[in-house]
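Chain naming follows the written order as A, B and C, and within any one chain the residues start at number 1.
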Amino acid sequence: MTRRASMAASLVGFGVSVAAIFLLPSVLELFTLINATIYVSMAILALSLALIWGYGGILCFGQAAFFGLGGYTYAVAAINFGDSTWAVVLAMVVPALFAALLGYFMFWGRIGDVYLGVITLTMTLIFFKLFNATAGDAYKIGKAALGGFNGIPSTPPLNLPWDVGSPLAPEDIWYIAASLLVLLYFGSRWLLRTSFGRVVVSIRENERRSELLGYDVRRYKLGIFTIGGAMAGISGILFANCVFVSPTMFSLFYSAQVIIWVTVGGIGTLLGPIIGAIALQMIVAKLGTLEVIDPNVVLGSILLLFVLLVPKGLLPLMQSGFDRLRRPKAPVPVEPAIRPTATPAARRPEPVSAPVGSAPATNTLGGS
Amino acid sequence: MNAPAATTRTTRVEPIIETRGLVMRFGGVEVLRGIDFGIAPGELRCLVGPNGAGKSTFFKCLTGQYHPSGGEIRFKDKAIGGLPSVEIARRGIGIKTQVPSLYDGLSAREHIWLAVKRRIANTGGLLKEVPIAVDEVMESMGIAHLADRTVGQLAHGQRQMVELSMVIGAQPDLILLDEPAAGMTHDEVERLAALVMRLRGTCSLIVVEHDMQFIRMIARQVTVLHQGQVLMEDDVETVLRDRRVRDVYLGKREVV
Amino acid sequence: MDLAVVVLLQVIAAVASLVLISIGLAVIFGMMRVINLAHGEFIMLGAYAVIYATRWGVNLWVAMLVVAPIVVGLIGVVVERTVIRFLYGRMIDTMLATWGLSLLLIGAATMIFGNVTAGVSAPLGGVTIGEYQTSLYELVIVAIVTAVVLALMAVLRFTQAGLIARATMQNPAMAASLGIDTSKVYAVTFGAGAALSGLAGALISPLSGVVPTMGVAYVAKAFITVISGGAAIITGTLSASTLLGSLNTLATFVATPVIGEVTLLFAAIVLLRILPQGITGKFFRRAL
């Protein structure tokens, strides 16, 4: 796509999403709208992993740790403060700080791919076990009882900033969640076009090279990891507002799901994981009501089939199909759509184009 | 410190880089066995030697990819042996590796941008100067027409040029080139030689090469490495005429 | 005194159970550099094999020591032929694919066996040491694990099959040029690893409830034990199990089982930070 086409596509996408945000509450029943809000919060979680894994090249199997930490921080802080305003801030800061700490530990230790996966997964498991063991009065943070396996059913909803008397209705939370998703998506695109973002992508492509150019790769990895952690925290806040917080937020189920969404949607893209998250949750929910087949069978098969047959994911597949359709009319011969085979370490199909639609690399340089 | 004494043979000028007794062991194998080496600022030095002589290992020690097992490396009169690669790169050593090390998914322009941005950030310059400087580098290196091509799709010689432009774009004080002419066409080799000659004087260079034609085009001083030690060091014609050097290379041919 | 003996026995039992749940994964990872995230489900299938075999009248010990390893080993071969063999050399993809397989197997097991807890009662009684009692079955497990480890070492070191397997893993191209059918070696190795996981599940089945999701509890523990152990299959697994198992038991003894588990996981993380290549990446490098 040319830059103009990419801009146009962005504008159209933006328009459609704004329209959807405002139309859905009048179309959907309340229950469905709350479910839609959950999907959106999960899409934000997928976006956070898309940044960390797809662009940072950091194989994080424990995105659920930041997600759960965000949720719990929000719930505990909101119960204690009575007002959700600072709780929201804390629920972003705590996962970000934790990500920074974990990242420091891992990146300064020069821990490789697979080991990163193990450590992040283990961390999630630790949280899962700890929070499951917090039943009883002994485990209280201030006024908030952690509730062990049951979590905190009384997780308070968001209220207007500094106005405890005005809790938000589910419709309002939908508006906030959906706008946040759009905002974070465009924010991520912007981030990847900054010089920070470009260096992050270069490290994913060839860490050694960036190092020999004099970039301290550890800092950049730490940066993107921390940002991803904060974003997962936001997702946790929204989730806590739709459901309530419980140790399942730290479960392998969420860690696995978010990996599946990113893989299916297309690693190395931002939009793909968002679409993957929403589409797969809808499919699983639909199957759950049919009660014919266990959702795990479907999720597992999808992941398996994608890794074997569509390793690049859905969005890059659609993009290359789209490009192939357009190509014959193009006046100037362009490179074939096939990408060089990515290294096995991290599959990264659309390295250049994804943050800016499929605009040529020129657009990521200069101006911004 | 007896730095001057060690280098009197080459020149009286303080060397920009110098190694003394540099040793690199892997398990029981000693790949570098006490290398004394030094070049003056602005000098161009060729490093030759058969496969396995330790040339690439030597470069990896200089750039911090390996931590030397013994001996000393001094760059701009500071010890750098064992420092991490990032730190060494920031102090002004750039390397073009033997196997092209590139970002296959990025465009040529992005490659140069990464190099130039680092340099400008390092010297406290303004980020808005970066795009202009990027264009200049690409223009002067003759790769402007490749700017928006994805580097993974370029021909081998073009990839070599992109990597070289990236190294030069970072404007290091010392450039290490590991077999820059490998896989290039004759025309490309000539252009490369002209380029290296142009760089001479603006920075110091150490070039590892097998291609004797290329070495004749660019070199004055040549150092011969053999089995992890300096075999001899002299001007190019003397080295190429030398009996021992020929034996070393003929020996290598027999093996191959 | 009695207490010390009991605690020591507890430590040994904990170490043995870690070795037991990890050894199948270790064989597959150590020999093939494949991280099998469906490992927990292989364990689960081993446990179900015992449940069904005993229901059909097979002797419990035969079911545990023969039926379960064979059944799960065969499943392993099928998995290798249909999934894993397309992904060699793509470590991350194998992890993802086996994770998919894991979910698939959990779902399938839920549909076939139902989401209820099945179980067999633990054979053998307890032994009394002073005023404490410990289960005889746990001691039998320790003995079986010891036997399995010794047998595995013997196979790898002294038999022709072991030599072929090691040669293939070291240098597949060379092995192939010597006329070894490498793809068969991979299939058999993966099957053997799966069989060991099946054995683990079988031996665990009397101790824990058998449910479709039971594997989840083991996979992460096995995973970090193997990774902490490093490249050497047996030495790595043994040393990591000893370290982590002892810490787990001691922390459990001092505090609670949850703290024990957390200590285990946390110790593994710290260990990997200090020794990124695992224990055998630094020590016993030439061990098996």
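Criterion: a residue touches a chain if its C-beta (ideal position, glycine included) is under 8 Å from a C-beta of that chain, and two chains touch if they have at least 3 such contacts.
Note that the structure is predicted; figures quoted are calculated from it, not measured.
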Worksheet item: Which chains contact both chain A and chain C?
Response: none
Worksheet item: Relative to the centroid of every protein C-alpha atom displayed, which chain's own C-alpha centroid is closest?
Response: A
Worksheet, complete the sentence: If chain centres are mean C-alpha positions, then the most distant from chain B is chain C
Worksheet item: At what distance in angstrom does the C-alpha mean of chain C lie from that of chain A?
Response: 33
Worksheet item: So, what's the distance in Å between the C-alpha centres of chain C and chain B?
Response: 49
Worksheet item: Between chain A and chain B, what is the gap in Å from one C-alpha centre to the other?
Response: 42
Discussion item. Can you list every residue of chain B that touches 2 or more other chains, as numbers and ranges?
Written reply: none
Worksheet entry | Per-residue overlap in chain C, given as positions that touch at least 2 other chains | none
Worksheet item: What are the residue numbers in chain A that touch two or more other chains?
Response: none
Worksheet item: Contact residues on chain A for chain C in the complex?
Response: 59, 105-106, 109-115, 117-119, 121-123, 125-126, 129-130, 132-133, 252, 256, 259-260, 263, 293-308, 311, 344-347
Worksheet item: Taking the complex as given, what residues does chain C use to touch chain A?
Response: 35, 83, 86-87, 89-93, 95-97, 99-108, 110-111, 216, 220, 223-224, 227, 256, 258, 261-262, 265-266, 268-269, 272-274, 276
Response to the item:
chain A contacts chain B in the complex at 195, 198-199, 201-202, 205-206, 208-217, 335-336, 339-340, 342, 348, 351-352, 360-362, 364-367
Worksheet item: For chain B, which residues are in contact with chain A within the complex?
Response: 63, 65, 84-86, 89-90, 94-95, 97, 101-107, 109-110, 113-115, 117-118, 122, 127, 130-131, 134, 147-150, 152-153, 166, 170
